[in-house]
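So that we are looking at the same thing, I have put the structure below in structure tokens.
Chain nomenclature is as follows: A, B, C and D, assigned in order of appearance, with residue numbering initiated at 1 for each chain independently.
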Amino acid sequence: MQMHSLAFDISHTLAGGLVLISFMMLYQDRLYSLLNVFALHAVVLALSVAWQAYIQDAPHLYITAVIALVFKAIVIPVALHRIVKQLGIHRDIESAVSIGLTMLAGMALVALSMVLMLRVTADADPLAREDLAFALSVVLLGLLVMVTRRNAVSQVVGFMSLENGLVLAATGAKGMPLVVEISVAFSILIAFIVIGIFLFRIRERFDSVDVSALDDYRGERR
Amino acid sequence: MSSVVLQISCVAGLLGIAVLAIILSRAKTSTTIIYCATTAVSLVALFGSIRFLVGEAPNPSGLVLPVGLPWLGAHFRLDALASFFLVVVNLGGASASLYGLGYGHHDPAPHRVLPFFPAFLAGMNLVVLADDAFSYLLCWEFMSLASWALVMAHHRESGNAKAGYVYLVMASFGTLALLLAFGLLAGPTGDYGFAAIRAARHTPYVATLVLILMLLGAGSKAGLVPLHVWLPLAHPAAPSHVSALMSGVMTKVAIYGFIRVIFDLLGQPIWPASVVVLFLGGITAVMGILYALMEKDLKRLLAYSTIENIGVIFASLGLALAFQANGQKLAAALAFTAALFHVLNHSFFKSLLFFGAGAVLTATGERDMDKLGGLIHRMPFTSFVVLVGCVAISALPPFNGFVSEWLMFQAVLQSPELPQWALKIMVPAVGALLALAAALAAACFVKAFGVTFLGRPRSTAAETAHEVDRYSLSAMIILAALCLLAGILPGLVIDALAPITIDILGGRMPIQANEPWLSIAPIAESRSSYNGLLVMIFITLSASLSVFVIHRFASHAVRRGPAWGCGFSDPTPAAQYSAGSFAQPIRRVFGTLVFRARDHVDMPAPGDVRPARFRIELHDLVWEGIYLPIVGAVGFSSDRLNRLQFLTIRRYLSLVFATLVTLLLVLAIWS
Amino acid sequence: MVVISDIIVLGVQMLLVLLLAPLLTGFVRKIKARLVRRQGASVFQPYRDLLRLLRKEVVLAENTSWLFRVTPYVTFAAIWVAAALVPTFATGLLFNWTADLIAIVALLGSARFFLALAGMDVGTSFGGIGSSREVMIAALAEPAMLLVFFCIALVAGSTQLSTVANFMGSSYVGLRVSLGMAVIALIMVALAENARIPVDNPTTHLELTMVHEAMVLEYSGRHLAMIEFGAFLKLLLYISLIACVFLPWKIALFGTGPLAYAVGAGAYVVKLAAAGFFLALFETATAKMRVFRIPQFLGAALMLGLLGTLLLFVSRSF
Amino acid sequence: MTMASLDPVAAVLLIPIVSAALLAVLPGYRLTARLNVVASLLTFVSALSLFVIERPQPGPYVLVDDLNIVFIVLNTFVGFTTSIFSASYIAHELETGRLTPVYLRFYHAMYQTMMFGMNLAFVSNNIGLMWVAVEIATLTTVLMVGIYRTHAALEAAWKYFILGSVGIAFALFGTILVYMAARPIVGEGQDGMIWTLLIQHAAAFDPALLNVAFIFLFLGYGTKVGLAPLHAWLPDAHAEGPTPISAVLSGLLLNVALYALLRFKILLAANPDAIAPGPLMVTMGLVSLIFAAFMLYRRRDIKRLFAYSSIEHMGIIVFAFGMGGPLANFAGLLHMVMHSLTKSAIFYAVGHISQIKGTQRINRIRGLTVTHPALGWGFVVGVVAIAGLPPLGIFMSEFLIVSSTFARQPLLAIALVFGLLLAFGALTLRLTSVAFGEPRGSTASAEASYVPMLAHIALVLCAGIYLPTPLVVWFQHVARLLG
């Protein structure tokens, strides 16, 4: 029992840590620092997944943890670093919404997810419940990053943190099948996105294509 | 075999002909074959329905086919009302087919007409026969679709595309209104059978809503102002025998729908309903004929006059509603009979007139009256039958148009029996509107006939015109004869209509057959009576007497000389009164109010050699006041929304995000 | 036997109107002349005119068609029948029920219809002027007349002229506002329909001011005679209509013997004379109005008719 | 084929994946196109055989019930006809050199993979598996949308990809939540995702979890359905990809997502305390309908026009299912089937038209019925059908939807009718300009196979007049199932 509560505390802290780091992402205004923060995010995720693997003694989760560690915490950030160099992407992030507002919105989102999840009757074991609350807030924050940042890279980062939230939820869900497969699938997805950015030279932002350009391409001019 | 089976098999035959037409669309002889076939089938259907209507005690016979809504099947039913409208439809169909035998050969693209013509006929027959909401709407829309295809037959001519488009949209608007009406009648359980609807009790709320929806639905198809805008565009755009069908018959099918729902399915009406119908009818009558008077395109003029007649019919239906709501069966039967009689008459003379317009079109290639004139010399037969049509539609004795108008005025004169003050006041006022419409109609057709057929030809086309082929002529002559017959023997028609009024209203007019001298007396002879036969006989007698006397005693000398031009005999036919100038006095009277008409005269100063200019400015207030704003609104909002097509991915993501957050918020607050 | 006598009476009436019509016009002209201190032609001048016209040859414009030649007879016949259907000195005649007030309006309407067509048949602008103005006047006059007849019919409960006449003759028709309006409206319509001053001047030959005359400008010889005769009849018809509806004094009932008929006839002649006198007086007293004042004039008639009809419900509650 | 007779479900899955592998390696247009057609035909046949043989017991992965059998058969049928169409279409593309043989292989392989993904999504009894399948189908279509490598195509593919991935994430999160809700009752592991078990115990699930789950699933799969605020990828994906793919997208992929939505709607409806999904679906449906209707007026690209009309119809269908009740559900199912058939038929026509005219700009296409009667009239009938005119199938479903709605919720029905009329106006406006008037553009005769188009139109026509009783019974049962 003591053990259990300890386990609970640890996973709780880790999950909370993820949310915290998501917040940190929100107020980064330099690309490199953002990437580093994301790496940290991935590390923490890896830790919490590993911990879950340990307490649920579900060895297959270790694979997920390893993927998270290697792929997300190392490979992707490095790759993005190089892309940023090679494409000579502007170093600092222009955000569509001011940082302060973003932070406020983030607070609101976390609050919202708490409200929603704490409705859940506690007979589902509290561990899962807390995890879900945190996972939901991580997901929402990731999305928030995606919509408030103009850089392609930072949007990718946002998407990845969103997906970290998913993995957190998946691993938190005790005995959930397909977790490994899903994490693999998502890694591939992200790889695609990164490659896409690289191939299609989407330099600054997703919204580089302006309306007039669309007109030409789509035969939609009036 | 039972009557309804006969009718349905005729419809099947028509559909078969349509398929046949597609198969031999490119064949030379296809025109002849198809129109012969349609003539034959329509005649069979016509006689079947006449036999049913005047046969001994017509009792409804039904038929269910395993098509349409799966759990319901397609119900068809033939009762007195349906059989009467079948008579109208198939008579129009037969005459149009006969006319087409000749006219069709002048069609530039027969393969765009032949398949849809029989389909159109079939559609109209089916609407009248349908006995459940789904089949009714299916056939209704099928009818619209077929007629739309016919309107688009000459799709290369300018303006026809717009005509077809406006028509299709208005038709679909009407169908959706009907759909709502039937949805309301059928209720949430979806009893779409007419029998079930008839059996159900409907609350006043439902009744009112259904009335409004039916006025929108059937009214838009029939051409009630302000839903008429498509009619003067679409009817002229079609080939003339199709225009005749659309104007003379399809509008009647719409009226059938109105009668079927409001009088039959809805049960006992409430009197305020009649006020609405009366009002709309009166307005439509006057507006329609005023539009017609301003028109110089022959076929458009005829289309507008159709609107007028629709108004007249709706007005007398409104009267029938008023009397029925107060349980005055006899008066209701009188008004209702007047309406049905006018339906029949209008189908006669409007088809006749459109045939005439078609003949003029084939002979001269002109629809613009200001390029016609003097055709009476070159097309004697056509001009004679068209003259008959004009006299008939102007409601002059001894022709049929007068009889139905007369019956209607008799119904108006029953208004004192109505208990409601609103109606007491309303009915005579509407009567005044109808009288005005009738007088204006006479003026309008003086103009139509005078400018087109009389005077001197205004173009070489009109000078070199020739009489049309014998099929077209025979079709027109038959209709003219029918106009006269219905005018001098109205008693027979009235008695034939009695079963319908018994079915629908539970009352009937007194039997006319045993009136002396074949005269008609709607209530009692002491009140009012009319005898078309004797009036005709008197006129012929006195006319021939005077002719005899004159030719017996007066001089016979005749000399042809130039017309007296007040010292200056005008050399050019252009100096004749044209359509526009003929309408000028009436335009001065009504135009400024109804059309915001302005005459712009640009008279050069003395010594200035440039020609004087005269321009008329007319506004179609309905179009500019109702339809253009709607078009503008749609365009505006689509422009605004269209920006969403050009957002960036980040913005699209924010849309998604926003949706998610809102939904989550709703969830958080609500549950 | 009854039928025979009826037919005789009817024939007498038809002949009577035929004979009296020109006389009436002549009488009106005479009075007008006297009122302006002129000698004036004799009252029988119209007969002479007709006979003279009948003897003359017909000159047809080049372009005219058969319609132009048929029209005079058609219009004449229509007006004559209409006139014959109005009870002049006796009601309840055999064929009175063949047509009622509405039918009579329609008969006059068809006469006008054909005249207007004939006007357009010539192919000159004068015919056009005439026809267009004529139909404009008619388009306003007809509804006014119908409304007047609605009013009467609602009072008498019938559109059957004999019934109306009997009812009006009977004691229990009090003096009514609406009837007063109706009679005024009817007189105004009659003035317009017969092309009298102030609507139109039957004696003018200044083309631009004429309406009816412009329409029949091309007619000559026997055709013109028929047209003129039709005009005389029409005037007679309106007067006798007003007479039999609004003052059916001494009008003979059906089947009352020859004596009553004679009295009725005498009364009828007196009524005609009186009406003719007043008409002449009115015409000399007023001036012709511009063509485009006519709508107001007839619009007033229309309004009066409608008002009369509506007032019925106030004065008399069913 | 023997295998198919043994186990049609396996066949439905195996034939596509195997042929995909083959097509990836085989060279040559003629051969591969034929193989593609044959494979699709086999799949269709084995799907048909699901009707005759007795169904397999629902296992941990595979389920065949009344609901999805309709979808499977429709899916494989349209897949088959589209493969015929794409054969003639691709031939032209190869001539004009828009496609190289390499991409051709890729195209065919991807085509079969996509069919595999969709079939899997239909037959899977495991919501996780279903999720995976839907994503496979989505990603393959993404790749095919970008196949022309023009800037516009890549643009469209990229948009589709990004928005799709977010959708994927949502759907997954929803799935996880459902599992969480199920776990305490059904038990850990595999069982917590097996549909048949879920629906049995749904009543006992935690409503709060289910609610959140449904919102995520609704948005996730709704993105694929193309509901209004989430629709952005759909028009461009339709317009820039090869036309067969547009046909499949409109005709099938939307249905797959819709199917997933329906499954979860049933699940939610089975739980008394959870929110009623109806209002949500009705609102989104109406929004999509009216929004798309307005957008139709400003379209200049013919394929994008019909893409928006797909959004509109999806709106109608979701609305119908949202209204619920036997009539509306029946109408919804019918409308879905009719829309798939009609819309793919229209895209077949449009594909040939744009190939002949060498453009997709509407104002460069005129008077088709004059220059290409068969194609033109086929197009006319198709548009008339999609606009909801009788005697074609969509009229029946719209009749049922509107009339049954008006009796229950007059205002909703008014809004619905408003949207329908708007869309009708826009479509017929384009129809008149494209099919009639003076011909414009090239009049080269089309070397096209009209068979698929005509087959679809014939089916829709006959459905509008006569529905075979077994089908009706089927639909009615499913409608009851949908509650």
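Throughout what follows, a contact is a pair of C-beta atoms (placed from the backbone, for glycine too) under 8 Å apart; a residue touches a chain by one contact, two chains touch by 3 or more.
Being a predicted model, the structure only gives us computed values, none of them experimental.
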item: If a chain touches chain B and chain C alike, it appears here; value: none
item: Which of A-D and A-B has more C-beta pairs touching across its chains; value: A-D
item: Chain A and chain D, separation of their C-alpha mean positions in angstrom; value: 31
item: Chain centre separation (chain A, chain B; CA means) in Å; value: 69
item: Length of the line joining the C-alpha centres of chain B and chain D, rounded to whole Å; value: 44
item: Averaged-CA centre spacing for the pair chain D and chain C, given as whole angstrom; value: 79
item: Where chain A touches two or more other chains, by residue; value: 116, 119, 143, 146, 206, 209, 214, 220
item: Residue numbers of chain B (touch at least two other chains); value: 645, 649, 653, 660, 664, 667, 671
item: Residues of chain C touching at least two other chains; value: none
item: Pairwise chain contacts, counting only pairs that touch as defined; value: A-B, A-D, B-C, B-D
item: Chain A-facing residues of chain B, complex; value: 645-646, 648-651, 653-654, 657, 660-661, 664-665, 667-668, 671
item: Footprint of chain A on chain D - complex, ascending; value: 128, 132, 135, 150-152, 154-155, 158, 161-162, 165-166, 168-169, 172-173, 176-177, 179-181, 183-184, 188-190, 192-193, 206, 208-209, 212, 236, 239, 298-301, 304, 359-361
item: Chain C contact footprint on chain B (complex, rising order); value: 373-374, 376-377, 387, 391, 394-397, 402, 406, 409-410, 412-413, 415-417, 421, 424-425, 428-429, 431-432, 435-436, 438-440, 442-443, 446-447, 449-451, 454-456, 517, 519, 521, 525-531, 534-535, 538-540, 542-543, 546-547, 550, 553-555, 557-566, 569-570, 573, 575-577, 581-586, 588-589
item: Complex contacts: residues of chain A adjacent to chain B; value: 96, 109, 112-113, 115-116, 119, 140, 143-144, 146-147, 150, 155, 205-207, 209-211, 214-215, 220
item: Footprint of chain B on chain C - complex, ascending; value: 54-63, 65-67, 73-74, 76-78, 80-81, 84, 95, 97-100, 102-103, 106-107, 109-110, 112-113, 116-117, 119-129, 131-133, 135-136, 138-143, 146-147, 150, 153-154, 157-160, 163, 207, 217-218, 221-222, 225-226, 291-292, 295, 302, 305-306, 309-310, 312-313, 318
